[in-house]
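One structure is given here, and the rest of the page talks about it.
So that you can tell them apart, the chains are marked A, B, C and D in the order they are listed, and the count of residues begins at 1 in each.
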Amino acid sequence: MPTILVSDLLGREVRDSRGTALGRVQDVVVRRTADGGYEVVGLVTGRSSVAGRWGYGGSLAPPPLLRAVLRRLRAHERYLRWDHIAELGETVRTSVPGERLGRRWSDVDPA
Amino acid sequence: MFAKSAAGPSARLAVGLAAGLAVAAAAAGCVPGPALTAEGYHRHVEQSATALLSAVRTGTLAARLAEEGRAFGPALDTAVSGAEDDARSVADTFASRQPPTPGEDAVRDRLTGLADNAGDGLGDLRIALRRGDDATARQAAGDLADTAQSLEAVLAAEARR
Amino acid sequence: MKRVLAFTLGFLTAIGGFLDVGDLVANSLVGARFGMSLAWVLPVGVVGAALFTEMSARVSAISGRATFDLVRERMGARAGLANLLASYTITLLTLAAEIGGVALALEIATSVHYLLWVPVVLVLVWIVLWRLPFQAMEQTYGLLGLALVAFGVALWQLGPDWGALLGGALHPAPPPGEDWPTWWYYAIAVFGAAMTPYTVLFFSSSGVEEGWTKKDLGQARTNVFIGFPLGGLLALAVMACAAVVFMPAAIQVEHLSQVALPVAAGLGRIGLAVVIVGLFAATFGAALEAALAAGYSVSQYFGWAWGKARAPASAPRFHSAVLLTLLLGTAVILTSLDPIKVTEYSIVLSAAALPLTYLPILIVANDRDYLGEHVNSRVTNALATGYLVLVLVVSVATLPLMVYTKAGQ
Amino acid sequence: MPDPDTTVEVLRLGFAALDRQIYDSDDRPVGKVDDIELAWGEADTAPRVSAVLTDTAALGPRLSGRLGRAWAAFLRRAGAGGGPVRIPIGSVVEFRPATRLSMRAPARVWAAEDWLREHVIGRIPGAGRADDPGQ
């Protein structure tokens, strides 16, 4: 069974179907399956994951100034559904143009 | 293996910060180079005189505390020994620096003499305090007070330049 | 009655524990050189330290998580490690300074050269860490550190011109002969000494070790909000003593032995003896805290079992890290670097590195996932945002100022 | 207000699993989730999480770049071989707030801990004594 490490995915360059750079892979999104496993449903791309790791999750309500900074730091984040990946090489290529990617997984995949 | 040079900005920030701290600490710890200009030499004179005055006055303070019986031996000994070390190291550093023009020779001679007085006076005071020799200690304190006055005169003259 | 005792012990410990060799050196040095013109930095530092410590106490009491556990989780492996390296280095430097401080206090008491005391101090610190129970350790050194109150009494006995002192404090500008960059550089030193990160690392981890819950939060807050300002007053007294005794005589503070002289001038032999006990206790307690803080941060980053209250055999990696850090800190001091210089660098670099611990704590203190209803209030957040800007400015300004002023020469 | 991105069904691995503390079934702190392994089965369209990796050896690739290479070189010199410790996903009860295992951690994660206990810490008198909780 072929395997891959999350650390190996993180940091790979991401380009859309027209070759525009979308940053790098910052995170891997999984979904709990009926049998109790975790299935990959997509990737988070962007320039940096740090603000995302801080500001992510909706439970954070930082003071206004900090919130503005965190939001700006996360402005580049995009969600890439697994079935929109055309090629998973050293560079990850998407099968759709960059502007069609949502900001959160729920924007495009209400499943 | 894939090249993943994409350090997060905050990682770079933190690494940069750590490296910067080390470099700055190293840079700031360096002694200034040899005084090349008259201006630089006079700054050196001022710094040395200020440091000497501080050491000498630490000595006179310790002598006063000893005379009034307000402090015990080891604490005074440590304070005076520290001041003596400072004075001697200032004297060494000062003597090693060459004045850029003959015009600075006079101030150099004057301060070199005062630096020696300071070191010797503090040394005398330290020994007298250790021996409990009040008369000598009082004498050394008097000498130190004179040295302090002369150092103040040097500083005042430098300030008028 | 027992509650009252615990309460009293708590904030007395906080007062004594507030001062370490960095505060003593920075405040004495600044008082001698700049009079009271930098006194305003102390309240700024004390409020910052109280704010910062209260937030981390709340995080550890409610979520049961210590600082570096959260740093790794929230910043990731790489940024977290960079943070760890920076924090560890500064904590190590602080530890070295404190070990030097204990040795210098022993030199003042005995006139035996401090370098000969350093190995003795290493052994003493380690034995206390190994054998003395946590609370006994904290309380002993906190209470003995209270002996530094002698600075306040001495100031009163010296009978200074209070109006002139107050006037100096209300006139925040460099005295004649000093320039603005140097003045600001020492403002950062006083600020960094009041807000040392190791204290926060230690405080949050000890909260986890002692199993704080919501119920203990009130007491922890009282300790911080009463103890730190009173500790700040002691720091102010150290500064004022130096301003009264040293500044008119043009004495610059280069040695710890000088720091104690104003107390001798004000109170005589007994005061001097008391203050030396205080110097010893404050630096010794800080050495214990810094050594533990270093061990805590490394263990929390890697996820090892940690804790001083655990039997060492059940947390060998943590205890090895503490021991190794102690040996490294001792080695730094044994190179015969001037302990006072080490102290100055440690507090200034602490100030530069503050955002590394401050920011993660501020962010987590706003996360309902961890704190539920105990997240920062609006007032706390307004204040904390102000301090965030302040620590960032300080952090950016420190290194250029350090280079420009040749470390305040 | 629950965020749909963090519901129980969907989680971001980097956020919710990586770098979290691992406790085993005896409540012992095992280490951090240093990496996560994904695997494709024959019938799968997307990979599934197959294991979590821990131990400092798993940290190198996470650090990547110069830091990662330095880390790997350091571990090689320190003689830590054998690769990271692999814990199959079936033994992971939950990821948040901390990763809990339904089994005892494999003996290999304690290698450094055991070595230090036997050769350094355990040899010092009093190593077996903890603080009295009431003191």
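We adopt the following convention: a residue touches a chain if its C-beta (ideal position, glycine included) is under 8 Å from a C-beta of that chain, and two chains touch if they have at least 3 such contacts.
What you are looking at is a predicted structure, and each value in this text was computed from that prediction instead of being measured.
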**Request:** Pick the chain whose C-alpha centre of mass, unweighted, sits closest to the average of all protein C-alpha coordinates shown.
**Result:** C
**Item:** Pair sharing more residue contacts (C-beta pairs) when A-D is set against A-C
**Value:** A-D
**Request:** Give the label of the chain whose average Cα location is farthest from that of chain B.
**Result:** A
**Request:** Measure off the straight-line distance from the CA centroid of chain A to the CA centroid of chain B, and report it in whole Å.
**Result:** 60
**Item:** Centroid spacing, where centroids are CA-atom means, of chain B and chain D in whole angstrom
**Value:** 54
**Cα-centroid distance, chain A relative to chain D, in whole angstrom** = 23
**Request:** Express in whole angstrom the distance between the two chain centres, defined as the mean CA positions of chain A and chain C.
**Result:** 42
**Multi-partner residues of chain D (each touching 2 or more other chains)** = 14, 18, 62, 64, 67
**Request:** Name the residues of chain B that each touch 2 or more other chains.
**Result:** 4, 7-8, 10-11, 15
**Prompt:** Of all residues in chain A, which are in touch with two or more distinct other chains?
**Reply:** 8, 10-11, 49-50, 53, 57, 59
**Item:** Parts of chain B lying in touch with chain C, wherever the complex brings them together
**Value:** 7-8, 10-11, 14-15, 17-18, 20-21, 24-25, 27-30, 32, 47, 50-51, 53-54, 57-58, 60-62, 65, 68-75, 77-79, 81-83, 86, 152, 159
**Message:** Using the touch definition from the top, list the residues of chain C that touch chain A in their complex.
**Reply:** 74-76, 79, 362-363, 366-370, 375-376, 381-382, 384-385, 388-389
**Message:** Touching residues of chain C toward chain B in the complex: what are they?
**Reply:** 75-76, 78-79, 82-83, 85-86, 89-90, 107-111, 177, 245, 249-252, 254-255, 257-258, 260-261, 264-265, 267-269, 272-273, 276, 341, 345, 349, 352-353, 356, 395, 399, 402-403, 406-407, 409
**Touch list for chain C against partner chain D, complex** = 63, 69, 72-73, 76-78, 80-82, 130-131, 133-136, 301-306, 308-314, 316-317, 319-320, 323
**Request:** Would you pull the chain A residues touching chain C in the complex into a rising list?
**Result:** 49-50, 53-54, 57, 59-66
